[in-house]
Every structure is written in structure tokens, then in C-alpha cells.
């Protein structure tokens, strides 16, 4: 049972990540490979605020959100000068840079060894130290974020994002300054990813830079492509599928180290098959 | 009503003078046919005037009052200028109705997030879609429409903008006669409302039938202008077409 | 005691490795026009195949290296034949190609880790070192430098002076027109993949011999090559070489003042700067 709760927590966290990136990739058509950077900024902001400054978890989350929003605006501004493949390349670059900063700014971030002993959230005297209570907290947050995503994509704003994805030049001709829209959704996605990072940090109680590098960005992208682009439920299905896969493999008998690699083989190949035969993913609405 | 005038407009690509110090004006309440052989610069001119491509030098004057030395793509809509594309640029994986709604709704980020006038926009969308006969197909994806329907959707989208100046880039290409009638009547309606309508076309019959005034371009320059029948019988114009 | 000569030597070596990656990447990119993220994984597999033959089967170093290079070549060929060619036939968008190559990279990397563990592996350790101009350089590193020079020249001759090279350049310029003229573009592109991947395999083998092997090193290696290509002008084969050495020098001199861990930040910072101010690279195509 404890184990199921653990899985549910992880799936919830990755659902938030998937939802956040889907807004950027699936709805707006920006192939961003730097989502893990914002995930990391949220995690580190929470960790540092709680361990070095004794802040309350919820306050730390807000700080993380602000920090990631600012970073996203800065990074997004530079990236908005790039088109297509160069955008992706540039985003990769930013992820590498942020990971390097996390590793090298030893005094502040604890360097490659990371930050240990991050506490669980507490509010009005109640601490979410039990996994079940923590799950409820994450789940509620995930649901809220899901509804925020639904609201965004169903609004006129969401319609503009899709038009940008379909033909950015054309929608510009009809009077839209698309740069601002792209920046806005990039920042919104980053803020959501940082919330996931905050939960991750508190749950694991220990974080290190290696958990937020480009491989993680690739994994988050895989969740979105798998579940299906431009479908919020798809992001959740994608997260569930990719998290449960190595568990299933371990269940069948593969040892955990092998299961991890095997998971990557499976979802790597699955990505290829999807691109060849089902580019809309499991339940997606957008065929790349 | 708005007019659009250009002075000394210049644009070059890789050494080719696509638009070479062009001077002309498009008047309101008229359908102006813009013709010329392939490569004469017609589409480039429209791209310059709708902000799709920046021009190198020259001035664009709107309604005698607004002088523009540079244009950004999203600015031109605010000057009540809109267009259709020769190579039909729709929002493919969005339904027909969304293709229209997206040009009707609020332009600002916060405004569009908390859009207020949904009912009003729906009514306007219904209006233009019914005008082109696509209201029944409103929930189909643009990508699933037939060629003729796609061209009609482009026109509906332009109509939805409720602009003053319209550029139609080969709207009749490949259309069946029934649809040609629909499009022709739309252009005439716009003209009768006093709008400035510019029509790029290769079909000379339609040019003769529809345009009040004709402008002929060749190699980025103005070759001739005047009433369609006069212009089309000029030796230089005929030679330009034969030589292409 | 100046360490400048050593830094210069290090730059030349790093530049040579990056050149090889850039050369292979540019060759393939020229005909396919998408960022193939699996290119780095193919390079590393070349290195691991050589490692396997020499460490586990006891083959000679040179034979193992050649086997590694061919393995990489064939792998690249198969990837094109069974994945990328199909995507070309479907007229897939660049995003699809990129994601497919990402999937391949992930899978290949994981397979490598399964077969050889994620640990850092070193080939046999005894290589002679030489002293040149006040710096130290190993035997392998000399070979790296010579290989880069030979492959650059070889590729130049291949592309400029042979019929095959002309065909490749035609496809680079315009694939559709090439087909119309009667060129079997799919066959030639697969051949390009073979050669480009073989060159990548060479870079993987040499990198492994020089530093060591690790399943995840492919991505970073690829990126150095891509940065070199962007700096030099993507698709321009010689530009990649120029970019590679420029990158290597900026990296190695850049970390002279700060700690070596900032190296990647410097490389990617350079990438961002070029993308912002001169995206077409130094040399035009």
C-alpha cells in the first residue's frame, strides 16, 4: 500500500510536469528541451528557502514560482529569436547552463552533492510527514493545475496559441504580437514545473543537480509526446505510463538498475514508433 | 474610408529587385486589379503591404495621414488592412469555426485569457461562415476541407476582420464556377460598401469583369495603369505576358 | 613556467575531436536537414565496439578501432534505412525527425549501458607521451590530430572531386530537383549516413582511447560538434572544422581563469551568442 502511495505521488508530480510542457510543446508548438531547468529551479528554491532560511514550504513554493517565471522570461526572450530546430538547440543549451550553475555555485546550492534534509510541508501546525497526507497535497495541486490548463486551452488565449503552432506568420498578419504569447506560455509552463520541483524536493528530502539535467528534460518531453500532444489528460496518461513501466518491468523480475535502462530502451523505441505510426501519441489531438 | 499609397517602395532579394522604387495608390470604393507576369513582384508587393516581409526603403501612406517607414506584421491589422494568401494559409489542425474566432477575439494576453464577448464573436463567425456557405462545416478541421472550401474559409477569415483595405491574392485559382460566383459577389459587396479592394489574378476574364481599375507590374516596376480594357489592349502589356 | 603551450595543445586535440564530430554531422545534415540527436550515440557505440574487441576479445587496437568505425557506419546506415527514410517518405516535419532521433538516442544510450554498465571504462592504459613545445601530448592525441586532418582533406576531396561527391552536393542543394534529374536520393543518403556515422565512430573510438568511455557521453560530444557546426556555418563541411577549433580554443582558454567545470557553460554560451548574432555561422554555405 505504501508502495502504491509512493507511485501515486511520483505520477502526480510528473503529471504536473507533463501538463506544464504540453502547454508549450503541444499547444504552442515550441519544442522546448529545457523544462527540467525550471523543475530544478523550483526544487532548489524550495530546498534553499527551507533549509537555509527556515521558510515555510508554501512560502518557498511561491518564491520558486517567481524565480522560475523570471528565468523563463529571460530565457524565453533569448529563445524567441530562434526558429524551429535552433529554438530546440538553444533550449538544450540553457538547460546545460542552468545545470552547470547548480553544480558550480557551490556556496549557494551545495554543488554536485546537492542539498539534503529538506523537510515536509507544514501548515498551521500540521506537517505532511505521512506519505498519504503528502499524496493528498500533491494530488490536489495536480488537479488544480489540470483545471488551470483546461481553462487556458479553452480560452481565446489558448486558441491563439494553437494558431501560433499552426502558422505563426499567418496569425501575426491578423494582428497578434506572437512573441508576447510565446513568452507568456513559456513562463506559465515554467511556473507549473517549479511547483512540481518543490514537491519533489520535499518528498525526496534530498536533491542534486544531476536530477534536473537534459536527460530529465528529454524524459518530460517523452511523457508529453507519449500521452499525446495538445491533450491535457494525455499528459497525465503519459506520466502514468512512463512511471509505471519500470515498476512493471521490476515486477516481472528485472533488477532495479536494469529496469531503469530497460525503461529507457522501451520508451526510446516507443517514441520512434509513435513518430512513424502514431504521431498523435496515446490520446493526443495534434499530429506533429 | 482608407486608401493606401506607396512612394518609392523598394525591396530586393539576393540581388533581384523584387519591387523597384514603385509609386502607386489603391483607391477606396474600387476593385483594383493587380496583374503582371509571374515574377513581376505582385505577391511581394502584397507581402510588403501586409507586413509579411519588411521593405528596404520607401514610404507606405495610409489614408493620407499615416506614414510608415517600416511595418511589423501585427501592425497592419491595426491599420484595418487584411488579406488572403495565394498558397492558402489556414490553421490546419483547428476546426473551421476556430479559424474564424481566432481573428475575432481580443488581441491582448490578459484580455484573451478572460474573454468576455463570446456570444458576440460566435454571431459574427456565423455571419461570415454563412456568407461563404461553410457554417454547416464549422466543426470540421480546416485540413479536412476540399480545396474550394479552403479558399472560401480564407475569404471568410478576411471578412471577419471587418477591415477597410483587402488584398486578395489569387482567390479564384482552381475554383468551380459556382464558387467563383460567390467570391465575385463578395468582392463586389465590399467595393459597394466603399472598401479598398485589391485583387491579384491571372484570369483576365475575371479582371475585366470585376476590376474598376487596373495596375500592371513587370519586373518590380509599374508597367501600365488605367481602365482594364485599355490596359489589357496595350502592346507593352501583351508583350510582357507573352515574353514570360 | 607558462602553461600556454599545454593549453594550445589541449585546444588542438579537443578541436580535432570536435572537428570529426562536426564533419560527420555536417555531411549528414547537408542531405537530411534535421538535427540528428542520435549521431552522438552512434559515435559512442563505435567506441564501445572497439573497446569490446580489444578488452574482451583481445584483438589488436588498430583492428578493434576499424571494427568500431565500421560498426558505427553500419548502425548509422540502418537507422537511416529503417527509420529516417520512412519518415522522409511520409514527408514528416522537422519536429518528428528530431523526436525520432531523440528516441533513438535514448534507446541506444540505454542499450549501451545495459551491455557495458554505466561505469566509466578505460581502454588499455599505456600510451607513450611526447614533449612538444613545452607541453605534453600522448600518442593517441597525435593520432587524433592527424586523423582529423586526414578526414577533413579526404572529405574535401570526396565531395569536390568525385562524381559521388557531386551527387551528394546536388542533394544538399535541392533534394526534389535531384530526384527529378534521376538521382536515387534514398540510396545516396543512406551512403552518406554510413560515411558520416563511420566518421562519428572514429571520433568515439579516439575519444574513448584518449579520455575513456561512458554511455551518456554521446550527447555532449554531439553538442560540441553541433556548436562547432553552427559557429562555422551549418552544412558547410569546412566551416565545421573552423568552428571546432574556435570552440576548443575558447573553451580551453576560457577555463584558464575559472574552474574547469564551467567549460560547458562557455561552450553553450558561445552557441547562444552565435545564434543571436550570427546564426548563419562564420562561413557561408
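As written, the chain order gives the labels A, B and C, with residue 1 at the start of each chain.
What we mean here is this: contacts are C-beta pairs under 8 Å (C-beta built on N, C-alpha and C of every residue); 3 or more make two chains touch, one makes a residue touch a chain.
A quick note: this is a predicted structure, and the numbers were derived from the prediction, not measured.
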item: Chain at maximum distance from subunit C, centres defined as averaged CA atoms; value: B
item: Dominant chain pairing [most C-beta pairs in contact]; value: A-C
item: Most centrally placed chain, judged by C-alpha centres; value: A
item: Centroid distance [mean C-alpha coordinates] between subunit C and subunit A, Å; value: 30
item: Distance from subunit B to subunit A - Cα centre to Cα centre, in angstrom; value: 42
item: Between subunit B and subunit C, centroid-to-centroid distance (C-alpha), Å; value: 48
item: Complex interface listing, subunit A residues touching subunit C; value: 29, 31, 78, 81-82, 84-86, 88-90, 92-94, 96-97, 100-101, 103-104, 214-215, 218, 221-222, 225, 258, 261-265, 267-272, 274-276, 279, 288
item: In the complex with subunit A, residue positions of subunit C that touch it; value: 34-35, 83, 86-87, 90, 92-96, 98-100, 102-111, 113-114, 216, 219, 223, 226, 230, 259, 261-262, 264-265, 268-269, 271-272, 275-276, 279
item: Of all residues in subunit A, those that touch subunit B in their complex; value: 152, 155-157, 159-160, 162-163, 165-167, 169-178, 180-181, 184, 285-287
item: Residues of subunit B defined as touching subunit A within the complex; value: 50-52, 73-74, 76-78, 82-83, 85, 89-94, 98, 101-103, 105-107, 109, 112-115, 157, 161
